[in-house]
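Presented below are the structures under discussion, each in the form of structure tokens.
Shared between the two complexes below is chain A, which pairs with chain B and chain C, respectively.
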Partner chain A sequence: MTDAGKIIAGIVLFLVIVTSPMWYQLVSGSTPGAPKLEMPVDVTDCVEGADYMRAFHMDLLNVWRDDVVREGDRIHVAPDGKEYDKSLSRTCMSCHSNKDAFCDRCHDYAGVKPYCWDCHVEPREQP
Partner chain B sequence: MNALYAFITVVILYLVVYLGVGRMGLETFFGVVIPYAAIVLFLLGFVFRIFGWARSTVPFRIPTTSGQQKSLSFIKNNNLESPHNTVGVIGRMALEILFFRSLFRNTKAEVKDNERLVYGPDKWLWAGALVFHWSFLVVFVRHYRFFAEPVPGFILGLQSLDGIFQIGVPVVYLTGAALLAGVTFLFLRRVVIPQVRYISLPADYFPLFVIMMIAGSGLLMRHFYKVDIVNVKELAMGLVSFAPSVPEGLGFIFYVHLFFVSVLFAYFPFSKLMHLGGVFLSPTRNLANTNRVKRHINPWNYDVKTHTYEEYEDEFRDVMREAGLPLDKEESVLPLEKE
Partner chain C sequence: MGIDRRKFLKVAGVAALGLASGSSKQLLARGSSESTTAGKPAVGKRWAMVIDLKKCQQAENCTKCVDACHKFHNVPEFDNPKDEIKWIWKEPFEHAFHNQEHEYAKEELKHSLALLLCNHCDSPPCVKVCPTQATWKRQNDGIVMMDWHRCIGCRYCVAACPYGSRSFNWRDPRPFIEEMHDDFPTRSRGVVEKCTFCEERLARGQMPACVEACKEKALVFGDLEDPNSEIRKVLGANFTIRRRPELGTKPEVYYLV
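Here is the complex of A and B:
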């Protein structure tokens, strides 16, 4: 085989790159599996069903934003008939008051960084 | 017709996931077995193909006429287009692999109004290919967030750059849209231009359709039929840590995405997609143009016993001088010494 050294080096590099998630997992030693989230203690229901919230909460927030800013419509009616103020800081964060241990923990795991907090106020740490 | 064959194949593959996951609930088979099989086939197939090529003989260096080669010192040479050393070869390879230098040279011949044949530049294929390949790479790299915990910082940086216009929530990634646009363009090029349609085979359309399915299902999954990303990551991390588990409630659209990705990977080594590895082995790109500077001897030449004239003269010098025959060495050396 001509240029055996270069070919083998190239193939090894290729294999390492393609299988890099495996090595990364070995080196970082992280446990696969979803992070533990801090759930609200005094309430049992979110503004929508939990399954829906897990997949669609960003769309809900987007709809809320448009409703409030463009239509002036501030009332969200939950499936159980309860009414909520359509607000990021005042509604979501009143129940999910620990942003670090809820929103951020999940977002860090999924690798998302919402830019909302450039403007919106995050709740302060409870003393 | 050829496009139709490829299309029907893709429809059949879609029916396979539809029946498998949508109807029969074979989540583990489609979420674990098929992806593992696909990646094994991809890696082994890829390595075999490369070794196959590496075993074949390297041809004589082929100078391409796109640049002045290195010769006399007062003639300016072009070390990128016609390199004479390793640095130049690396430069030419980098231009080829990163920016598709030779596609940039693409020309088209057209018969203009009064039957004149006109040659002109044609940069559309180059531009389309560049958009398609670069967005594919960025999308591919961004997916690392599903396979790495903690997510590396450069992935987050790439994501925020990719979503810089902050269109909608979740933000539209420019490369995701560009990938779909790029692959659609490459497909349209094949069906719209008659000459290109004539030479297009099912094997040309099939990868385009598969990538359309992947990009389409990915975009749908991000913006319309949501799936729980945390579950996706659990599945992905399970695969890379060899402790696969299939979370409940992953949407059907995710399995479509994953199945077509598996199809692409499994199909890869057996198809023209191997140009990913092949481009590194292109003789007209990766061999320095040193035809004049160095003597290249055919490696499998029969080892012929030679007796050059020089050696012949050395052997018979005295006899030749006595016989009054002209001698190369003495004649060329002596006059110089007399001066």
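Here is the complex of A and C:
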């Protein structure tokens, strides 16, 4: 066990290096290289709160998908009582009309590849 | 027996690898929703269709219903007939109704074209064989629905359907869609598709695209459970046939010949 000191020090060093982005974020309070998303101009209200959408939009879309396709339930009631179509292309994309600058920018950063757009038609670019 | 350093490091290493790969594999945002409501939904307990072949055949070479349907639902047009995708199509009468046809039948009937689509069977064999419930019969209105998010492309349903109503996407359909209809999704490679009686249009209070497109009024769509509906009046006043009723699938598309 003569090398115990070196090995333990090595493991600690490794952990510090691997987790350094987290420490950096904690200390500086900012995420390095976080994507700047293009937000809708005139609209401020969404189908749910912004924090919820940021964290759980994928779950909401899955629930919407099953509601519409399998249950035929097409109306989403927002917390403020407003009613929306449960539709990615009609509701979400009518405000977030720039897929590249909203969906893709963050998905690329997070390294996820959702396959919504294999079938659903993304909004055409405004002339 | 104690654990030595070598063994500990091995186990710790494997465990760390497992943790790292597990957390990076989180699946996000799978699929999304279909198109949705705007008008008041059309309500029916058992949707069905009557096709008046005489009226249909009056307009020779007419493909308005086929065009309207395929355009609305982003059905691709492949150059190779083996890849063909069809929701509604025309077939010689003697092929479509080979149990009704005999060699002395009216010549014009034998060689005429019959309009075919998914029969939305009351006892659909495609539903029974689907291993993922990607296709199922809706309890509230009898439509044999498809969930393209869930289809794994096993093609059991294609084999089970005795009417050839189901098509498989052997290739990516996107490049073969002439004019994209933004309000309806396309399908992807490896997915089966078929007519859904325009359930997304019914939900908005519209008639199916083919019915709306037929200027000859050869297509009657309605609710069989409503005794005052037009379809019940047509069925009650005329002799109608169905495709291969002897199979027990209870097809819900009726033909006036």
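The working rule: the second predicted complex is superposed on the first by the 95 of 127 C-alpha atoms of A that agree within 3 Å, B and C clash if a C-alpha of one lies under 4 Å from a C-alpha of the other, contacts with A are read in each partner's own complex, and residues count from 1 in each chain.
What we mean here is this: a residue touches a chain if its C-beta (ideal position, glycine included) is under 8 Å from a C-beta of that chain, and two chains touch if they have at least 3 such contacts.
As the structure is a prediction and not an experimental result, all values here were calculated from the model.
S.K.: Examine A:Asn62 and indicate which partner it touches, taking first as chain B and second as chain C; both and neither are also allowed.
M.R.: The answer is both, since A:Asn62 touches chain B and chain C.
S.K.: Let me test your reading of the model: by the given contact rule, A:Cys46 touches which partner, first (chain B), second (chain C), both or neither?
M.R.: It touches nothing on chain B or chain C.
S.K.: Based on the superposed arrangement, let me know which partner A:Gly10 touches: chain B (first), chain C (second), both, or neither?
M.R.: In the superposition, A:Gly10 contacts chain B only.
S.K.: Is A:Arg54 contacted by the first partner chain B, the second partner chain C, both or neither?
M.R.: After superposition on chain A, A:Arg54 lies in contact with chain B alone.
S.K.: A:Tyr115 in the overlay: touching chain B, chain C, both, or neither? Say first, second, both or neither.
M.R.: both
S.K.: Look at A:Ser28 in the shared chain and tell me whether it touches chain B only, chain C only, both, or neither; answer first, second, both or neither.
M.R.: A:Ser28: touches chain B, not chain C.
S.K.: What part of chain A is shared between its chain B contacts and its chain C contacts?
M.R.: Residues 1, 7, 58, 61-62, 65, 110, 112, 114-115 of chain A touch both chain B and chain C.
S.K.: State the interface residues of chain C toward chain A in the complex, per the touch definition above.
M.R.: Chain C reaches chain A through residues 5, 28-38, 74, 136, 138, 140, 145, 147-149, 180-188, 199, 203.
S.K.: Sort out for me which residues of chain A touch chain B in the complex.
M.R.: 1-4, 7, 10-11, 14-15, 18-19, 21-22, 24-25, 28, 30, 32-34, 51, 54-56, 58-59, 61-62, 65, 106, 108-115
S.K.: Going by the contact rule at the top, pick out the chain B residues touching chain A in the complex.
M.R.: Interface residues on the chain B side: 39, 42-43, 46-47, 50-51, 54-55, 57-58, 144-152, 155-156, 159-160, 166, 168-170, 226-231, 233-234, 236-238, 240-241, 243, 249, 277, 280, 299.
S.K.: Can you tell me which positions in chain A touch chain C when the two form their complex?
M.R.: 1, 7, 57-58, 61-62, 64-65, 67-70, 72, 74-75, 85-91, 107, 110, 112, 114-116, 118-121, 123-124
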